[in-house]
Amino acid sequence: MKKSLFLFSIGLFLLATPTLAQTKPDAKQHRIVFHLASADTVVHRTLVRQLNNLLEVWPKANIEVVVHAWALGFMRLESTVSPEIKVLSEKGIAFAVCENSMRRSKLTKEQMLKQASYVPVGLAELVMKQEEGWSYIKAGY
Amino acid sequence: MKKSLFLFSIGLFLLATPTLAQTKPDAKQHRIVFHLASADTVVHRTLVRQLNNLLEVWPKANIEVVVHAWALGFMRLESTVSPEIKVLSEKGIAFAVCENSMRRSKLTKEQMLKQASYVPVGLAELVMKQEEGWSYIKAGY
Amino acid sequence: MKKSLFLFSIGLFLLATPTLAQTKPDAKQHRIVFHLASADTVVHRTLVRQLNNLLEVWPKANIEVVVHAWALGFMRLESTVSPEIKVLSEKGIAFAVCENSMRRSKLTKEQMLKQASYVPVGLAELVMKQEEGWSYIKAGY
């Protein structure tokens, strides 16, 4: 009888752990995916400033910026925010460029900042991150 | 004692199943709700192209586009993307038009593409889909 | 043996309760965080109308509007929608202004509507609300 109760308590503990983890996410590990579709360089400049602000309050946050559609200039060699992108990349922020958008814009990886990573379909990346529990933020106005 | 352990194991299994389902969503059933508020026909054309791209990688995805506010022209009979909407609808994508927005724009269902479905309040639809676990994507710049 | 089975049943019930609560969210308590970044007064006017529409269908919804970046004019004393904001605030909607954006725009709390509440970083607020299960809506086009 006592042994059965002991086994049951172990079971309770094992089950309760993931359940609690879901209802009360670890405040120390924030995960955020940004959706950048805009060609507007004012939006680009604001985004890099906002990413810096976020890292100041949450230095260990997982942050990925998905760059697609009209936004590819953000990650081109001649980007108006290339110095900021280099610094943010060193701090751990990922910049995931949509390969579909690149083909459509006839851009090659040689024309992009070396801080870029690549995903086949930007929107699919935004969905998969949300499915994994990441928060979603649409950049821009 | 053995019977008690057996019952406990059954219980563990039953409880673990939904918990695992939550932490590891079925990769094969993606559900995405798009938020279209823009009157810009460049945004409309880009959206239908992006929906096609998504269906190419995820043919079985559940996709709904909520059309409200300034975006009703997207679903009007004279929409610049009506051929694309017909094809996407045949492939299973739903286009949910906000009835609140329609009243405000003095539009009737006779003026809309027959591929339209209708929801009383577009924003409420976007919220309910997220509550059911759908990923959210804001269309546009 | 019977006692062990009884304890196990209690355990099952206690564990099942939060699990069910997660898979089937209470339809009566909707929680929505709006992301307002735009300076466009047409966007502001549309947002207050949409918030009223939402409250008509969901009078008890928890709604917070995060106001940041270019959108601070929405909450200034001279806001074009200040009467609507007063009414919406009385109905329970929160308007959370980003203090980072305020410093950058050299605005003080004396220049803002008294219905404003304040958060240190608007984007962090949008993330934390999503982590707590709130639905996210980006306002604007």
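In this document, chain identifiers A, B and C correspond to the written order of the chains, with residue numbering beginning at 1 in each.
The rule we apply is simple: a residue touches a chain if its C-beta (ideal position, glycine included) is under 8 Å from a C-beta of that chain, and two chains touch if they have at least 3 such contacts.
Keep in mind that this is a model prediction, so the values were computed, not measured.
Asker: Using the definition of touching given at the top, classify the network of chains in this structure as line, ring, star, complete or other.
Answerer: Shape of the chain contacts: complete, all pairs touching.
Asker: Same or different interface residues for chain B and chain C, judged by whether over half of the residue numbers are used by both?
Answerer: Shared-number fraction below one half, so different.
Asker: Where the centres are mean C-alpha positions, what is the separation of chain B from chain C, in Å?
Answerer: It comes to 22 Å between the two C-alpha centres.
Asker: For chain C, what residues touch not just one other chain but two or more?
Answerer: 1, 4, 8, 11, 15, 19, 22, 136, 138, 140-141 - these are the residues of chain C that touch more than one other chain.
Asker: Okay, in this complex, where on chain C does chain B touch?
Answerer: 1, 4-5, 8, 11-12, 15-16, 19, 22-23, 25, 30, 32, 46, 50, 53-54, 57-58, 135-138, 140-141
Asker: Quick one: which bits of chain B touch chain C in the complex? Just the residue numbers, please.
Answerer: The contact residues of chain B facing chain C are 1, 3-4, 7-8, 11, 14-15, 18-19, 22, 35, 37-40, 43, 69-70, 100, 120-121, 123-124, 126-127, 130-131, 136, 138, 140-141.
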